[in-house]
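The two complexes that follow have chain A in common; it is paired with chain B in the first and with chain C in the second.
Our next item is the complex of A and B:
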């Protein structure tokens, strides 16, 4: 009897705690409904219309989606997104892993280094982009100022074959510090005794990194891969600020194309279909991640 | 005089582009959609209201000098002259005012005096019922007598007037006069003379034309307008814009082929890749130093030219010569940098119209803005007598010659004023592919023609003023 009373008491206490939890969550949920779910539903509706962005919208069924399948500009944009993803899953990831691993061994000025690498991430993209546009200017940039062969007179953002990697370089400069801090925090949770034991067994730096560090930060690494993949498919700001998708569409991504369809081509309905298609990509990536976790993978 | 600032140059991304972040723009805009558009039919006003009440106005400026001038001689002067009207102004970023206004109008909000990028976007607002017809105000204020006819007519949709142009402008050929004198060149009067100067300049390490689009992608469109009008010719332009001639016509193909050829010779900005990287201020500075010989740009550039040619070097301008036999000389393409309309939700529409009329009711005041701050004037019938003493004679000469030339009924058509929105966006974006050689001129024009036909069928093309017969 006493047990039953205690259980009832515990159950009531739990319910009260849950109610309190929901109470704390409520403001956030309201905001989410207002600024995310509501517009998302509206975007879903408009993706089936010919809405120009102003005035009435007429229902056109799946026309926007069938048009997407045949649109070479959208295909080209997605291809650039894939290239962007490939660049970002390799270059900044490798830089951040190496940087974090080396930094994890530094004991002096660790905070200073961490801040130094992280600072570009908190600089507004407009500012970072302007800095690099000036630095890489073919006439007045560092290449010309220092007379560096290969850099002098090179139009990094004006040459269609260089523009995409050049913009990606600027974004990497801004972004990789974020990954570094993320990986560094994760590495610091690895038991130091594992490294000491490895050293006793004669392991070098590479083996420590490969056999202890990488497995130790695997969940963070996978999470970073998921984030980078999703963000790469939605990338917009640096591309739009620096090249607006040019020259000649060389840096056009799905998101910049979407934007132009809304505000230049007055095809907001079609742009909504593009936006939802991109959301599907993000959803698929997240679904893989979720399923892997459900299956018990240590990610 | 607020007009001075809404030009194609005005949308430069000098302050940095707006950020969309990682969310879909469609969602953002869609969020404002539910309460927007008022029924889909253009709104009208029952009667001209008395000019009193509160008026809100979103504006944009390009430089501090013009901002100070506008505040004092436009906003403050209007408020002093109209004590019954309270004018509330709000400056918006140069590159976002169009988007912000569109989103606000769709949500049933926005300023009382609506600024749009040109007659075609204004027509879209009219169709959505977001702005009112201005015919009764036009009659009340006598706009038909004050405003250049072509500019007034461009704002009509289905016979009703919905927008008034904020400025008028045209493409002209600026030159470094000091450099020209030094090299023994004179203002080119024919295509052969332009080509001879360009070839000579290249041989001496001087880039013929200061040109670049790194800050404003639409800068490439300026050259399409120039080559269409000065190579294909104004008659062909009029016929194409009214649907009587296809954009695939050999005349237009010849224009684009010629333009691409000049680009590939490195005449514009020093090469195609360089063109995509060139920014405006270094171009003007380089031109003043003699690195570039000429600059084919719109008359909004008078302000920049006078700012950079402030030393010993002098500049001057002339119309771009005819680029093909049969195309008239001394011809200007009609251009308007933006338009004003009255919001259908304005509480005091009459007061908003009174503010718009303020921009047209005193030619001398408007001309003073040209003289004092290189403001672009509203499209009034200006004469030399309207300009105060001290006006830059080069600037005054343009407006007087433009008025006389267009008054004779011979003029070209700027694409940013007379092309419908989608065709204009295509024309501006895809030309880059022609310049790098990944799109053939014929294919470029086929795409333009296809898009234009669909917009023409939807009546998205603004009224096209006819040439004198």
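Our next item is the complex of A and C:
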């Protein structure tokens, strides 16, 4: 690239091109500094203050962070994030792996299935939530319509022991098709001859999946684990829309707690410390992933 | 010719299909029922079709206004992101700038920065700048949120474009702006379309920033006003289902029409962040 340019123009010409380059980058850099970089740096500062959101911010050192360590609400929020992560690393992952694998082994209607599986992913979160609030309604939902004992009369979003998995379930309905499509794309790049060889050996579906598909899509699988873990620690929309953290804090996640600290409790400084802590979790997961790749692990 | 029969495979796939699509079918059913019928049967097909629900939902949910807001916000976001990311990707791939690598590294990090990190100061900054409760203010946030991802997508697209035409144009004395407009832009159209679809979908459905930064009913996009609507008509499935269908219809039509572009773009965007 650089060689071609040097051949073509004088160094004054090159300088002009570079100036133009920065001019072209300017809009990107300006909006990112204004919205993301600047406020992120400010958040670092405010996390060491008692800022309420309006008025003065007084430096209080590490007080917000020591408070975080002892805050039972934050601990319970993080615990819910951990449960959410555990649910998301298993249920949608298994569904997407199974769906994508089976879809990769058939030829007819493949396009139809792929589109259908992906449709919930393009539905707005408020709509997905309202669909499932209807379907899981204790009086008028599927439970009573189909007369399924146990489902009938159960208030999934109102029962503290069911609310978190129920909200996660709605998000899974929305999200799993995305994983499926991701896996399917990766599976389609596996060498077909491997499957043919396995067939000659008399391998069944399960052995094909275990010995060829799973190793074949390992990088995508690891990537999905990283993505799902990070998103699980930041999950907000479905909880906020369906339960607002209730009943009795049963679905409160770190992100909804942070939100309440900003907009209900006027604890902007404390919320900034919370946001920074969450970001560290996200960056640590990312860093592990990046280092593992740099080390040349096949992930 | 295979060692396994395909019938059980299709059975599992069909079960998953029912799980994915069934709830949407119920949504369509409920949107067409009378309130009385929905009260006794909230799952099954309607005995008669009542289109009045859509009219009622449109009026009572103020969808004329909020759909327009969503359209304006989405259009503003898509156009802005395409311009910002198009220029940036061009600079990164064609204009040998120093520090381009650092910019690319930032873009990769930016796609993973949690909103929770910068939300608090951003909210108070926007309040002070008079951008809180302004559709334009929300659009500027979306520009920043989606331009890193869009730039990365376009950057990899531009790298794959042949350079012969550009070089020929430059030798003919064309300036960079003309090269970008007359040579690169037409070639980049498929890449830009993918970016526009992905960003448009994100902007239309975006919830977190919309609910935080817009308060006035007349400025809200349709998703956040729909939440308020469902909370005030919580037991009326016919009305909320009809409103829901109106919201998802534009997205569904576009998605089904252009599903390959959508899916490729969205999975690629996932891969970047």
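One rule holds for everything that comes next: the second predicted complex is superposed on the first by the 268 of 299 C-alpha atoms of A that agree within 3 Å, B and C clash if a C-alpha of one lies under 4 Å from a C-alpha of the other, contacts with A are read in each partner's own complex, and residues count from 1 in each chain.
In the analysis below, a contact is a pair of C-beta atoms (placed from the backbone, for glycine too) under 8 Å apart; a residue touches a chain by one contact, two chains touch by 3 or more.
Bear in mind the structure is a predicted one, so any value in this text is a computation, not a measurement.
Once the two structures are superposed, chain B and chain C can be ranked by residues of chain A touched, with C on top. Of the two partner chains placed around the shared chain by superposition, neither chain B nor chain C is touched by A:92. Looking at the shared chain after the overlay, A:53 reaches both chain B and chain C.
Touch criterion not met for A:77: it reaches neither chain B nor chain C. Shared-chain residue A:157: touches chain B; no touch with chain C.
Looking at the shared chain after the overlay, A:278 reaches both chain B and chain C. Of the two partner chains placed by the overlay, only chain C lies in contact with A:135; chain B stays clear of it.
In the overlay built on the shared chain, the residue A:266 is in contact with chain B alone; chain C does not reach it. In the superposed model, A:248 makes contact with chain B only, not with chain C.
Judged by the document's definition of touching, chain A residues 35, 38-40, 42-43, 46, 53-54, 124-127, 130, 133, 137, 140, 234, 236-237, 240-241, 255, 258, 262-263, 268, 271-272, 274-276, 278-279 lie at the interface with chain B and also at the interface with chain C. Here chain A touches chain B in the complex through residues 35, 38-40, 42-43, 45-47, 51-57, 124-127, 129-130, 133, 137-140, 155-160, 231, 234, 236-237, 240-241, 244, 246-249, 255, 258-260, 262-268, 271-276, 278-279, going by the rule given at the top.
Listing the residues of chain A that touch chain C in their complex gives 1-2, 4-5, 8, 14, 17-18, 20-22, 24-25, 27-29, 31-32, 34-36, 38-40, 42-43, 46, 53-54, 95, 98-99, 102-103, 105-106, 109, 113-127, 130-135, 137, 140-142, 145-146, 173, 177-178, 181-182, 185, 199, 202-205, 223, 227, 230, 234, 236-237, 240-241, 254-255, 258, 262-263, 268, 271-272, 274-276, 278-279, 282-283, 286.
Chain B contributes residues 13, 15-17, 19-31, 33-34, 36-37, 40, 98-99, 102, 105-106, 124-125, 127-130, 213-214, 217, 272-279, 282, 421-422, 425-426, 429, 432-433, 435-436, 438-439 to its touches with chain A in the complex.
Residue ranges on chain C touching chain A, taken from their complex, read 2-4, 6, 9-10, 12-13, 16-17, 19-21, 23-24, 26-27, 30, 38-39, 41-44, 83-85, 87-88, 90-92, 95-98, 100, 103, 106, 110, 112-125, 140-141, 143-145, 147-148, 151, 167, 170, 176, 201, 204-205, 207-208, 211-212, 223-224, 226-227, 230, 237, 240-241, 244, 247-248, 251-252, 255-256, 259, 262-263, 266-267, 270-271.
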